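Before anything else, here is the set of structures, which you'll find just below.
Each of the next two complexes has chain A plus one other chain: chain B in the first, chain C in the second.
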Partner chain A sequence: MDSLLLKKRYRPDLWAVFSWAVLGLVLGVLVYTLATLVVQSLPAWREMGAGLLLKNDWFFRHGRFGAAGMVYGTIVVGLLALALALPLALGAAIWMAEYLAPRSRWGVKVLIESLAAVPSVVYGLLGVLILRRWMGEWLAPFGAWSGDTLLTGGVLLAIMILPTLTTLTEDALQNVSQRQRAAARGLGLTRGEVVWSVILRQAMPGVLAASLLGLGRALGETIAVYLVIGRMDNQLPERLFSGTALVQPAQTLTSKLGGSELYIALGDPVHWGAMMALCLILLGITGLCAGASLFLNRLWTTNS
Partner chain B sequence: MCANFGFPNVEESHSLIRPSWWCFALLMAFLLPIFASVATAVDVLRVQGSTTVNSVVADALEILQAEKGLSYRIDTQGGSSGGLYAIGRGAVEVGMSSAGFSEQDRARFPERDLRALTIGYDALALIVSADVWQGGVRSLTAQEMRGIYEGRIRNWSEVGGSDQRIVFFNKEPGRGTWKSFVRWLYGSENAAPPVNHPEVGSNSETRNKVIGTRGALSQLSAAWVDGEQVFALGIRDAAGEIVFPSQTNLADGSYPLTRPLNLLISGPPEGKVQLLIEFLQGPRGAELIRKHGYLPLSAE
Partner chain C sequence: MRGCFAVPEPTVDNKLMRRRRTFIDLATHTIAVVGGLLCLGIVTAVLGWIILRGAPHVDLHFFWEASRESGLAGGIRYQIAGTIILMLTTLAVAVPLSIGLALAATVYLPRGAARSALQGFLQLLNAMPSILFGIVGYLFFFHYLGWGKSWLAGGLVLGWMILPTVTISLIKSMEAIPLKQIHAAAGLGMRRGQIIRSIYLPQSVRGLFTGSFLGLARAAGETAPILFVATVFAGVSLPEGIRDSPVLALPYHIFVLAQDSLQAGAIENLWATAFVLVALVIGLSLTVLPFRLHNSNRRDHA
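Right, the complex of A and B next:
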């Protein structure tokens, strides 16, 4: 009996070995991906310089690669989605966290989180079938040629990130301690006043973190945007916030990468490099969002 | 037996049901089927490429599956250039292309012995939405089409229609449709001027967007035209003669915008690949090709 126990003790901890191996694998994949993107995009950076990022001039048949129009499309679509979704998400979250009985809150939360799990291609198809047509009709008086516009992409993305945004915002509101609520109520504040001047203020970093996470998701979304944005190159208006640009087709980094151009680029180092550079730029933008979200989340947890 | 080395004697009475072991086993249970499916995928005939060729090949594969027990996988990721890329990289056994096959394409993948087998021909139509057709536009000249492509003609009233903006959906520049189109207008792909238009990908996407947009114009395989929601314009020459993309005009060569439907293979055809090619080049294949609105080889 005693010897059996002893044998066991010197067996290597398989679980630790395995988890280290997996961690190494994950980090390895990450580093390998980044290194590949950087190395393969080098020919394009060498050829185009900073113009690859700053110039609005993408005609691959003529060897001209300037992705500013796509960067603009990506950022505007993401910000539009956030601007449209955040007020709705905040409203729904306040209702769930502050006014709903705990038991029904759980039910609503399950419903919303299952909405967040709907695959993006489903949203995309709904966008093509319904949203595209509606937007085409509504926007026609404003000069839209069809339902494929920057705004359609923004609205569709807003619908897509709404569940994620709502449930994360609700978590942030829930995390404000009950004592604060009780104290504020004890001071004679009404329920609405408590929400406005205590809960929202306390939960602000959490709400911001949730927004950034939602923004990151919107920026990286491909299929749904691909189907409704129109995929028109070199759409960069003179002014940053231009109404006419909103009702015209556009191109985002993801809709370009989702198209068939990737297949044409293969074999031409500069063109392929430019496509890889688009990946890098996209990675940079979404990484920035995720990083800012993490930073705010930490700020928030250390403060409360 | 083993010495104790002075470590405290820790009881581990339930080591067999340690949670870590169960987690490990569960993980393996998930991973093993994935490894297994990767290993068995070798036996499947993989086909990828042009949505135009796909409609015929998908039907042929289905018949071969029922009759000869052929297992296959087919998709249209990337269109014709996706098909060329996939066969060039050895990701599939058969690529589908409606873009023609040039020495340049062959030179892109020197390590492979790429060859193209034509199974039929397709007429490329200039398609418009119902409101344009009803507005009275029935044909365009190559000159007018160049004007629209380059953005100099922006309204249907300039080419004999009603006052409606022309919304031109350009096929993605990697698509076989796009290549045939610019070869017709400009002689070669590289001679096409730099333009910006909203882009469309697969044939069904093109069709749906044209149906759903007022004043729409695009390029599409004539086989997808129905004459109810999507209409094919004729091509008018300098003498005012109008030729529509019909099967007869395709067969006698009077319609200018045609292209071959190709299967791309690597090396001489063998086994499953040969089975597919023999079927498509045989009489039943020809019947299938005609059924989808294309012109089979034998009718030349």
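Right, the complex of A and C next:
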């Protein structure tokens, strides 16, 4: 008996070793990445101060870096995309969740999700070859020089985030319990009234979370925006909501980072630091959206 | 009785009220149908346009020939090869890492705050703009390690990018394993490692497949992460080494050609390449559709 017990020797759990190692590696890379971005952007912050974020003054040949124009471009393009896409997505989601039979709902959902899989460079191509020409013709009376405008970027992004927004919103509506629907109908509410006073009210946090996620995606999108935005520096209108700014070319954080200026910046620590600061600003803005979306989702699921 | 079920007396307002309610009902239905049809219209327009413009130019020669005259003529042989190389590397990076992370999230990390922190972190990582992966990759491989453009760097960056997608899907299917099975295995005297090997891993293969295919569908089409670290437009065929061996890739091919799209000859090739890429990506995400359908149906009944 004793010998049997002795034979059972200790075996280390190799899966545990592997799992902890991976966790350590992932966290390590994350910390390394953030630390590198911060450290490398320091020269630019030291040189420019808060002006790096607040001044609309980016002339890298003169060593002047103020990214306000890009921040403006990024935010306007993102909000424009959300404003254009959300009404459509909400309507489509209500249609799918409340009016369609389950089988046709799945058909529609598959079609819309396959659009979500289309790569951004293909949207960029559609933008370059089709949307840019159309926008150029439509916007010419309003003073657009070409089809490369802030508005073109917004419209293209709206089309891009539409499928994601629709499926996420539909999920949120679908998550409202079937009993609530039955109870509301049993009280004599019409379908329309059920939608407004039960479904939307209950799913509001979910819809909001979906919109924030969509907004975050729009703000961080690079390639499609890069191809149609015109990439002109220092475009910051005097009024915040300016119509003329919409029909002019602009620059976003992502279109700046995706361009070849990154190679030019490599030799100059301040210029490179400014580019890294752009990365940090972008990370901050998109992280804020994603974090808020996550928070809403958690809040909502723990309450119900 | 009358006190319990108080029915309001019919009033003059009733007719007006009924009309108002019918109007709201109709209006809601109209908004929903119009939104849905517009959405479907946009989907069909985008997909239809790509198919109509791209499909006629795609034939075997287009797949098999290398591109000539900077993309104006020839096919996309090495762009396809490069994309396949990148995707296999991506998979080789993402699968082991995601298994480790998913085990940490379902078995090893203490329940509660640590697990939900990891899940939250994964969701945040999933929302990170893809260009940042590219720039951080550039920083690390070029700036720090001194590599040139390399397929391995591209695969590593893309693998990191799809890590959350694969891991989240894996965690979902691991959490769906019935507790009974795990208790039974523990009751049989299996060690934790044995339980993982014979229950956790085989039962979550479905989640691994779903996550990997969805992740690959995203990785195959992304341009921004590989822009600086892995791809060139022309001049290479297949990589021969690791450090300074870039590849061609479908999305980058489209990206560069789209920028000088004024040349008429490029446009046919451009649409055909876009069609191939879209077909690849949609094919990848439709492959795992039955699995996802299954999962969501289960949720609907709950």
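Going forward, the second predicted complex is superposed on the first by the 293 of 304 C-alpha atoms of A that agree within 3 Å, B and C clash if a C-alpha of one lies under 4 Å from a C-alpha of the other, contacts with A are read in each partner's own complex, and residues count from 1 in each chain.
Note that in this section a contact is a pair of C-beta atoms (placed from the backbone, for glycine too) under 8 Å apart; a residue touches a chain by one contact, two chains touch by 3 or more.
The shown structure was predicted, so the numbers you read here are calculated from the model rather than taken from an experiment.
**Q** Clash or fit: what happens to chain B and chain C when chain A is overlaid?
**A** Pair status: clash.
**Q** A:262 contacts which: chain B (first), chain C (second), both, neither?
**A** both
**Q** Now for A:128: first (chain B), second (chain C), both, or neither, which partner does it touch?
**A** In the superposed model, A:128 contacts both chain B and chain C.
**Q** So, A:174: does it touch chain B (first), chain C (second), both, or neither?
**A** Once the two structures are laid over each other on A, A:174 reaches chain C alone.
**Q** If you stack the two complexes on chain A, which partner ends up touching A:182: first (chain B), second (chain C), both, or neither?
**A** In the superposition, A:182 contacts neither chain B nor chain C.
**Q** Applying the touch criterion given at the start, work out whether A:31 contacts chain B, chain C, both or neither, answering first, second, both or neither.
**A** neither
**Q** Figure out whether A:15 sits in contact with chain B (first) or chain C (second), or with both, or with neither.
**A** both
**Q** Who touches more of chain A, chain B or chain C?
**A** Greater contact footprint in residues on chain A: C.
**Q** For A:88, is the partner it touches chain B (first), chain C (second), both, or none of the two (neither)?
**A** Second partner only.
**Q** Just checking: does A:204 make contact with chain B only, chain C only, both, or neither of them? Give me first, second, both or neither.
**A** Touch status of A:204: no partner.
**Q** Please report the chain A residues shared by its interface with chain B and its interface with chain C.
**A** 14-15, 18, 128, 227, 262, 266
**Q** What does chain A use to touch chain B in their complex?
**A** Interface residues on the chain A side: 3, 5-10, 14-15, 18, 59-62, 64, 128, 132-133, 136, 145-148, 227, 230-235, 249, 259-264, 266-267.
**Q** So in the complex, the part of chain B that touches chain A is made up of which residues?
**A** 1-2, 4, 7, 9-12, 15, 20-21, 23-24, 78-79, 81-82, 84-85, 88, 108-109, 165, 167, 172-175, 189-190, 192, 194, 196-201, 205, 208-209, 212-216
**Q** Can you list the residues on chain C that touch chain A in the complex?
**A** Where chain C meets chain A, its residues are 21-22, 24-29, 31-36, 38-40, 42-44, 46-47, 49-50, 96-97, 99-101, 103-104, 107-109, 116, 118, 120-121, 123-132, 135-136, 138-140, 143, 160, 163, 191-193, 196-197, 217-218, 220-224, 227-228, 251, 254-255, 258-259, 261, 267, 270-271, 274, 277-278, 281-282, 284-286, 289, 293, 300.
**Q** In the complex of these two chains, what residues of chain A are touching chain C?
**A** Listed in rising order, the residues are 11, 13-16, 18-23, 25-26, 29-30, 33, 36-37, 40, 87-96, 98-100, 102, 106, 108, 110-115, 117-126, 128-130, 159, 162-163, 166, 174, 190-193, 195-196, 213, 216-217, 219-223, 227, 254, 257-258, 262, 266, 275, 279, 282-283, 286-287, 289-291, 293-294, 298.
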